[in-house]
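Just so it is clear, A, B, C and D label the chains in written order, and each chain counts residues from 1 on its own.
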Amino acid sequence: MKVLSTPFRVRYPEVDRMGVAHHTHYLAWFELGRTELMREAGLPYGILEDERGILFPVVEAGARYRRPARYDDELEVRTGLAALTAVRVRFEYRVVRPADGALLAEGFSEHAAVGRDGRPQRLPPEMMERLSPWMP
Amino acid sequence: MKVLSTPFRVRYPEVDRMGVAHHTHYLAWFELGRTELMREAGLPYGILEDERGILFPVVEAGARYRRPARYDDELEVRTGLAALTAVRVRFEYRVVRPADGALLAEGFSEHAAVGRDGRPQRLPPEMMERLSPWMP
Amino acid sequence: MKVLSTPFRVRYPEVDRMGVAHHTHYLAWFELGRTELMREAGLPYGILEDERGILFPVVEAGARYRRPARYDDELEVRTGLAALTAVRVRFEYRVVRPADGALLAEGFSEHAAVGRDGRPQRLPPEMMERLSPWMP
Amino acid sequence: MKVLSTPFRVRYPEVDRMGVAHHTHYLAWFELGRTELMREAGLPYGILEDERGILFPVVEAGARYRRPARYDDELEVRTGLAALTAVRVRFEYRVVRPADGALLAEGFSEHAAVGRDGRPQRLPPEMMERLSPWMP
């Protein structure tokens, strides 16, 4: 799978009283990776939403947590595209810690395209074209 | 000062690796109190924004942190109005723990009214009227 | 399934630029429900962690998002126990809006028990006993 | 004043239904800057807390919001040290958008040193020494 690596650091308020990154933040980290993949594909979110009126809500998401992340860890989210149809896009993610090669979590998100009115719509052909090189 | 008490509990992800509520969340708790005071005054935010097109951004905010809040603590934010003019509203807040009467933090926020275009506007007379009973 | 309903309101910073609650917050809402179920079962988290040294990290979690939640919506998370063994506990959740009966999302989380050293441990018999009445 | 610039991007969930970064996140961005200044000074937080048992809680913080930040904006927090005594440290911050030179917000935070028991303690001489080159 063609993946994009996006580096980030674990921020102080992301760490809970167990001393590890709280599980909710992984979904936000996945979104960091997805944002950068979309940008790489020439489809930055902000422009999709503001200029085209295409929203891209999450319809399903999940994560498996394998090892804890600690405060200030330098991590990477590795993002790939796992499925692409005119009505559904699925991204997959791995959060890794390059320093020791540890896989901390893996997960996915599925998205539909909807218009400003909240109605489902088909992905415009240009979006399909720009995303397809990311398909395995 | 006439104040409104809004109860809430400290949530798990709000607590950091020091075992205490992270300081950023107090501003969100102040907002809980402000939201309820506005609702009490007959000015629920959602309606102001969606039906009237009046936004109410924070122009200044601050907090003094006196004692730490712990996970699952039952707290209250006590919200009052400290200043009210046609162009500026100032709220004041105290976060207390009723169980032991401890004052955990105090703070304030100042707001201007702006339209959807981001331009400052005067508070509509009806808003002034509804808020004025909350003035000390 | 025996479920516990925990009411809450959608907070201002939980709503994104699409005008709907951001998907990451549902996992935090699931945690609100789980926290209250554990409390009901006589197993408040804070005491488990602080007095018993039992941590209860999420090993897997996921959600399906069916309808958007809006700012200030009064919602409920309905939490039940779906599996319980000495090494794994699975909770299931539904987020509903009582006003119109809409199901907004459903999801799950799986947890292992670990000690302060991060090593897996078996659930103490007393915990099994307290949780078992919640099994379907 | 000697300042350290720390770049970051506005993340999707940081933007609210007004389409601008929610005011609470600025305090977290200030913390990003403070974290990097401490690291530059040879005093990374994680090590202070874990190896030295010195916690550095915020005792007061505030911000003035001048212009809104938008989703995906590339920003910088510019962090400096404004006061340094054996019992109190004050940082000052400016959040700017280099693309147009706009000053979005400015603020401060004051910190005390406390031990693991929550008791105030004096800053160790080595910390004073490492931070003093950052004083104006």
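Some observations on this one:
Everything that follows uses one rule, which is that contacts are C-beta pairs under 8 Å (C-beta built on N, C-alpha and C of every residue); 3 or more make two chains touch, one makes a residue touch a chain.
Note that the structure is a prediction, hence the values are computed from the model and not measured.
At the far end from chain B, in terms of centres built from Cα atoms, lies A. Taking C-D and A-C together, the pair of chains sharing more C-beta contacts is A-C. As a whole-number value, the distance joining the C-alpha centres of chain C and chain D reads 33 Å. Chain A and chain D have centres, each the mean of its CA atoms, that are 28 Å apart. The mean-CA centres of chain A and chain C are about 23 angstrom from one another, to the nearest whole unit. Residues of chain A found to touch two or more other chains are 12-13, 17, 24, 28, 31, 71. Residues 11-13, 28, 31-32, 35, 44-46, 70-72 of chain C are the ones touching chain B in the complex.
By the touch rule above, chain B contacts chain D in their complex via residues 17-18, 20, 23-25, 27-28, 31, 49, 55, 57-65, 68, 118. Chain C meets chain D in the complex at residues 12-13, 15-17, 19, 22, 24, 71.
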